[in-house]
Amino acid sequence: MRAEGNDGAWHEIGDLNVSVALRGEYRDVHLTGDVDSPEAFGILLARHFVTSQPVIHEAPIRIEEYAWERVSVPTRKEQHSFVRKGQEVRTAQITYSETTELQVLSGLKELTVMNSTNSEFHGFIKDRYTTLKEAYDRILATKVTARWANSASAAADAEHDWDRSYGKVRRHMLEAFAETYSYSLQQTLHAMADRVLDNVSTVNEVRLNLPNKHHFLVDLEPFGLKNDNEVYFAADRMYGLIEGTIHRDGVRPVIATSDWITA
Amino acid sequence: MRAEGNDGAWHEIGDLNVSVALRGEYRDVHLTGDVDSPEAFGILLARHFVTSQPVIHEAPIRIEEYAWERVSVPTRKEQHSFVRKGQEVRTAQITYSETTELQVLSGLKELTVMNSTNSEFHGFIKDRYTTLKEAYDRILATKVTARWANSASAAADAEHDWDRSYGKVRRHMLEAFAETYSYSLQQTLHAMADRVLDNVSTVNEVRLNLPNKHHFLVDLEPFGLKNDNEVYFAADRMYGLIEGTIHRDGVRPVIATSDWITA
Amino acid sequence: MRAEGNDGAWHEIGDLNVSVALRGEYRDVHLTGDVDSPEAFGILLARHFVTSQPVIHEAPIRIEEYAWERVSVPTRKEQHSFVRKGQEVRTAQITYSETTELQVLSGLKELTVMNSTNSEFHGFIKDRYTTLKEAYDRILATKVTARWANSASAAADAEHDWDRSYGKVRRHMLEAFAETYSYSLQQTLHAMADRVLDNVSTVNEVRLNLPNKHHFLVDLEPFGLKNDNEVYFAADRMYGLIEGTIHRDGVRPVIATSDWITA
Amino acid sequence: MRAEGNDGAWHEIGDLNVSVALRGEYRDVHLTGDVDSPEAFGILLARHFVTSQPVIHEAPIRIEEYAWERVSVPTRKEQHSFVRKGQEVRTAQITYSETTELQVLSGLKELTVMNSTNSEFHGFIKDRYTTLKEAYDRILATKVTARWANSASAAADAEHDWDRSYGKVRRHMLEAFAETYSYSLQQTLHAMADRVLDNVSTVNEVRLNLPNKHHFLVDLEPFGLKNDNEVYFAADRMYGLIEGTIHRDGVRPVIATSDWITA
């Protein structure tokens, strides 16, 4: 829980869930301070562990931030009431070690998005086990999990504005999702990651995990009704999970690909 | 999944999870139609079951609606992209029977709110098992589950604007939460329910389930630091669950009180 | 957490999650004692609240118990190691009030059972919306939630063996599920509840919530394979939720029917 | 869903949740066959993908298996009724590629265990932020997630008995947990992994994720009661997550360490 400018007239809420892993030796600690972002707080924590205890040589930190928005109360000057936004969870993973560069991965998860048209899927490879039907106007829906690796210079820059770069990445991903006429979720994944790399110079690598949340057109013909792309069944399973990492040329990718993220 | 005005230029998304219970005899059915709200859809469904099958004499329906908001894309005229709001889930429970009046309960759940100040709790009864400390400036946080009973005339009115009354109830509850200087969560519960009854004439009864999400001030003195109401630990348990029903005089309460809602 | 006979040589584990509701006035309390069962502990707690505070006139208590089993270690005399059974959760709901009789509901939840054959479903009412196919050899699977009302004399009997009656009810329900050749889940529900009432004299009423966990035969013909009732797809949705209360003649049912239990 | 020997007299239940990732190109497929274990089924699937489609060069498969046990019905010869065990979930991860050896990781998750005594924790490094108290007789509880790498020869052996080796690993881990007088959860982790490597020759590497599920002694002194290690509060948070990989000398570890597993 981070609260800044706690001066009676204006509160800011920081709601963090912090996980710390220590490699070398193991201990628990909790620090506090006025910090601007999960990334800045994580860097502070990771440095503390590695520099204060000789037995610890690497400290990865994971932070989740839950966003709140102010409830506007027209009748009052003081505005101390908040409602949890409940949309995406912001994530940060900071790894500080004695021997390698400071590594800052930013991210988000649980951001559910949908295009109600402008999506097709056909022409895919078929063999004798293929049952999926080709689609020429489908709903495209997914729950985005994204992580992006920030450049070493951004990580080392004490003045780097993490909240601003987070906002930029989020906006560019959403716009790319909305603007892409999609022939596959794989193509949309590329478009989203490319858009970020094209527009946010401090990001070197983007990894996306996009479960394909299928929406099947309900067959209303048995009931004498026509379903003109209006009524869908949102299936829980099966689903395809599309994953991929896009990185700048010459940059060694650092985001782990081994952890499968379930829908 | 409700989609209206699906004319290529403008899509509306309705994302519904529908549960139907049938008393008398049992069957499954799925209808479709252009409907404006979970309440209107539920009334349609409930009437269908009871009037179409002689063995069914009562049909309670439960609907959950997940809200979506449009992603604004400046470069395009068509706006077919949506992001799930992820805040509260809207609920409706409609019971239609052969022998009693149509009953429409509206509601919401999973709306997490917080006041960062203007809350106290002291002067409560203490016995030899009491360990809770008195608090003179505390954080008040809760996850709101609300259900309200609509009047029989509103339920019977085919023109009733359910979306508008939902918006009004939600706004008045939030404003009452924000504006109440709270001496207990019980008092805040009363204020929220009273505000709805005072301002929304078609609502006769309000039931609220408010888990008290305790925020404990972290003791920083062992570390030589002062914690001036800035750093809190958001505890998962124990929590108190404050529940209550407020109804108009002369109105028989109809919302079930037996189901404990867990935080 | 209940530990009895904690004498170094033999530990018993009681792992309880206790919820207390107080009607009249509100307070939190925690007691301890050597108790044999969730029911006995709940009766103790409920009596304490109502008798010790004049403002409290009714105290419903809910308890969940998670079962543990001992890890057998051949090489040691001391046996202090346990593994959580992870099967059903045992529940109890005790309501003590100044004006009505002590009410003790016992129960269980999350007990998933399946019959791999001996189940059919056909001959049901069909109308123009019916799509469900008739089945002559199907898998029957459900996740049992059960609550049963104990007689007033059992509740008042300080020597009543709650663990034993729990074991009997559980066994009779499972045996009835296994032995019933089922023409519908509704019929199986009746058989399970009847079996309990026939065999456990201290139980007056049984309520069961049985979501029908459909298993659909996978169509392997497109792949040139035959599926002789061997490969099924376990669907998450749609599912039917079969609920019902069976009680002895002349007994007024007391278990709430309003809370829908989701699968 | 795997059912073998489906001959009317005896059914076996296989309940699998299968995830397939394809690297190179992407597609969905579902196969079936009589298989003995998740590992054998995963090897079959992985081989199929890589050998049948030139664009696919690597296929990692993940499988979860949920265990069922037969309900014994004394009155019947046929035994077709099952109850879900609900204890640990068995896992398998198979990676088949054109260029590297077949890799088979077996595992389990959600196995909750507890030692009610024979655990201490003291003598740890303290600095000015340390608040954890030393403990000389504590409860040790954790929810085990384990993965182990099988040797290349076991993976290549079509006759390898995967169910038997699973049972052996599980038993040795449980026995080591039960028999180890623990001075730290880290020490217990080592003992569990070492025991497996000492006793199961086909396993080369063991990775364990052990969240420390703290049980705090409840202070009953304010109530005039003594708590002689009998009543504990099972805390949800904070918790420490102890992770580690133990492997044979000369073996290159292959299990990913990047995915933090949450309690």
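Letters A, B, C and D mark the chains as written, and numbering starts fresh at 1 in each.
Following the convention adopted for this analysis, a residue touches a chain if its C-beta (ideal position, glycine included) is under 8 Å from a C-beta of that chain, and two chains touch if they have at least 3 such contacts.
Small disclaimer: the values here were computed from a predicted structure and weren't measured.
Novice: Compute the centre of every chain as the mean of its C-alpha atoms, then state which one is farthest from the centre of chain B.
Specialist: D
Novice: I'd like to know which pair from A-D, C-D or A-B copies the B-C interface, where a copy means over half of the contact pairs are the same by residue number.
Specialist: Answer for B-C: the repeating interface is A-D.
Novice: More C-beta contacts across A-D or across B-D?
Specialist: A-D
Novice: Compute the distance, rounded to whole Å, between the mean C-alpha positions of chain A and chain D.
Specialist: Inter-chain centre distance comes to 28 Å.
Novice: If you average the CA atoms of chain B and of chain D, how far apart do the two points sit, in angstrom?
Specialist: A distance of 40 Å separates the two centres.
Novice: What residues in chain A touch two or more of the other chains?
Specialist: Where chain A meets two or more other chains at a single residue, that happens at 30, 129.
Novice: Testing understanding: with touching defined as stated, what is the shape of the graph linking the protein chains, line, ring, star, complete or other?
Specialist: Shape of the chain contacts: complete, all pairs touching.
Novice: Please give the residue numbers of chain D that touch chain B in the complex, ascending.
Specialist: The contact residues of chain D facing chain B are 128-129, 131, 222-224, 236-237.
Novice: Taking the complex as given, what residues does chain B use to touch chain A?
Specialist: For this pair, the touching residues of chain B are 1-3, 6, 8, 11, 13, 15, 30, 32, 68, 71, 73, 75-76, 78-88, 110-118, 174-175, 177-179, 215, 218, 220, 225, 227-234.
Novice: Under the stated contact criterion, what part of chain A meets chain D in this complex?
Specialist: 19, 21, 25-31, 52-53, 55, 62, 124-125, 127, 129-130, 132, 186, 238, 240-243, 256, 258-260, 262
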